[in-house]
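Labels for the chains are A, B and C, by order of writing; each one numbers its residues from 1.
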Amino acid sequence: MLAWLESQGHWGFIHVSLAITLILVVADLLPPWLQQRKLKNELRARARREQHRTN
Amino acid sequence: MNPVWRWFHQLGSPPYFYRFATRWMPWFGLSALVLSVIGLYLGMAKAPADYLQGDSFRIIYIHVPAAWMSMFIYVAMAVNGAIALIWRIKLSELLFLACAPIGAMFTAVTLITGMLWGKPTWGAYWVWDARLTSELVLLFLYFGVIGLASAYDDVRQGARAAAVLGLVGVVNVPIIHFSVKWWNTLHQGETIRIMGKSSIDSSMLWPLLIMALATKLYFVFALLLRARGMLLEQERNKQWVREVLSPPQIAGGRS
Amino acid sequence: MSALRPYHALLARDLRLAFRRRADLLLPLGFAVLVVLLFGIALGGTPERLAPVSAPVIWVTVLLAGFLSLDGLFRPDVDDGTLDQWLAGPTSIVGLMYAKALAHWLLYGVGLTLSTPLLAMLLNLPAELLPVMLIALGIGTLGATQIGIVAAALTARLRRSGILLALIVMPLYLPLLIFGSGAVDAVRLGESPKAALLLLAAQTVLLLTLAPPAAAAALRIGSDNPP
């Protein structure tokens, strides 16, 4: 795999750099974002349930 | 009271911070995205190839801003850790915890792009040069903070213990950097001096500065995102969370 | 003199406890000899290959062996409630940390430094390097102990800390290792080791001033009595 990368010349290294950076950024943002969405939905559902009960 | 101080005090209150983060996050995220697209376009397509290194030098448009951020975030993290330890502000603990993974991400980007740049430039993926080695140590300092914080069952205790480690680390980072430099200097001289005589052409410098700004904005975005999530988790049973989330037709819309 | 009594008592207690379990005291040395044995085997055992790497191998071995003793540094005090008593009592925790660090250094730092000639023999360390090696290790282990007590204090209340402790301690050991083995390298190259030794000493002094207070702050974190 490394041999393939090295045969691509300079732009190969640049593209791999960009791709890995993009993957790491997504890996940095996605888990907290998904977790938060889940938590918010959960809390909203709970609030709705409580509202029903009081009504 | 001084309005700036009052703003800081307000920011320390969870509901205020939540609303602040929710309101401003998209702007930080969007501007970071737009600026990095512009910066990368200018860097990759417009800037001329370096006469010594050829096209491979373009990796610095990722590598160098990431390296700046890796150190900047460590300091920002330590400052939040100090505030958390001294004034016991809950929000500072969360911001401290939120800094660590983002900083580790930037450090990893720095290392990987540095290695990919090293192959065409030095002929090897890894050379034991002072700056790369310091970055590797920095990555482990981040891992130590993350590991220690997550080892505690109680989030707040973990945050404070990790904050002590962060402060120990921030004292040590210059020492580590100096010692590694003393140990070996193989790297090319520092090419980036914003002030004074710069050895790099302005068409090459502009994209770099744009990228530096973009990474800063990204950091704020990611920080607000993570801190907001942790705040919600920690305060899930508080009244203000109900108020912020409950009439869904007003607070919702975007989740 | 009486003001120093609690610290003196802690120092004496730690030393007495250690000497009561002499086998435990010899474990780090045994570990060091084992690591050296592994290196010797892996390097083929020929003096030509051993001698050039002997100094760095000894440094790494000593740091690792000293590191192994950190896990148990505060654990007994946490388990039997001594720690909570300290925190509730009037004695300065920082002072107690100095006593604790001194005891640890006397037991492991000095112990391992004094056993270096044995490791040096096994690894064919050139004889002219031994004196500077001993000086550098003596200073370096004092600094390593300071880093160690902070890390041990941070993980004192955790059930398991092995790898985490390594993750915390190893990166911070790096400057000590650089200057310590740098001093030995200087002598090997026929230069004066003074600069490296002074830098090593400066770092140790800095650690001596900063680490015990940091360790004291770390111990307070998990306690019921906030500062």
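Going forward, a residue touches a chain if its C-beta (ideal position, glycine included) is under 8 Å from a C-beta of that chain, and two chains touch if they have at least 3 such contacts.
Nothing here was measured: the structure is a model prediction, and the numbers come from that model.
Chemist: Based on mean C-alpha positions, which chain is nearest the centroid of every protein C-alpha shown?
Modeler: B
Chemist: Quick check for the class: compute each chain's Cα centroid; which one is farthest from the centroid of chain B?
Modeler: Relative to chain B, the chain whose C-alpha centre sits farthest away is C.
Chemist: If you average the Cα atoms of chain A and of chain B to get two centres, how far apart are those centres in Å?
Modeler: Once rounded, the distance between the two centres reads 17 Å.
Chemist: Take the average of all CA coordinates in chain A, do the same for chain C, and state the distance between these two points in whole angstrom.
Modeler: That gives a centre separation of 42 Å.
Chemist: Using mean CA coordinates as chain centres, what's the chain B-chain C distance in Å?
Modeler: Between these chains, centre-to-centre, one finds 33 Å.
Chemist: Hey, what residues on chain C touch two or more of the other chains?
Modeler: Within chain C, no residue contacts more than one other chain.
Chemist: Within the complex, which stretch of chain A touches chain B?
Modeler: 6, 9-11, 13-14, 16-18, 20-21, 24-25, 27-29, 32-33, 35-37, 39-41, 43-44, 47-48, 50-51
Chemist: Name, in rising order, each residue of chain C that touches chain B in their complex.
Modeler: Checking each residue of chain C against chain B gives 150, 154-155, 158, 161, 164, 167-168, 170-172, 174-175, 178-179, 182, 199, 203, 206, 210-211, 214, 217-218, 221-222.
Chemist: Write out the stretch or stretches of chain B touching chain A in their complex.
Modeler: 40, 44, 54-56, 58-59, 62-63, 66, 101-102, 105, 108-109, 112-113, 116-117, 119-120, 218, 222, 225-226, 228-229, 232-233, 236, 241-242, 245-246, 248, 252, 255
Chemist: Please name which positions on chain B make contact with chain C in the complex.
Modeler: It comes out as residues 85, 137, 140-141, 143-144, 147-148, 151-152, 157, 160-161, 164-165, 167-169, 171-172, 175-176, 178-180, 182-183.
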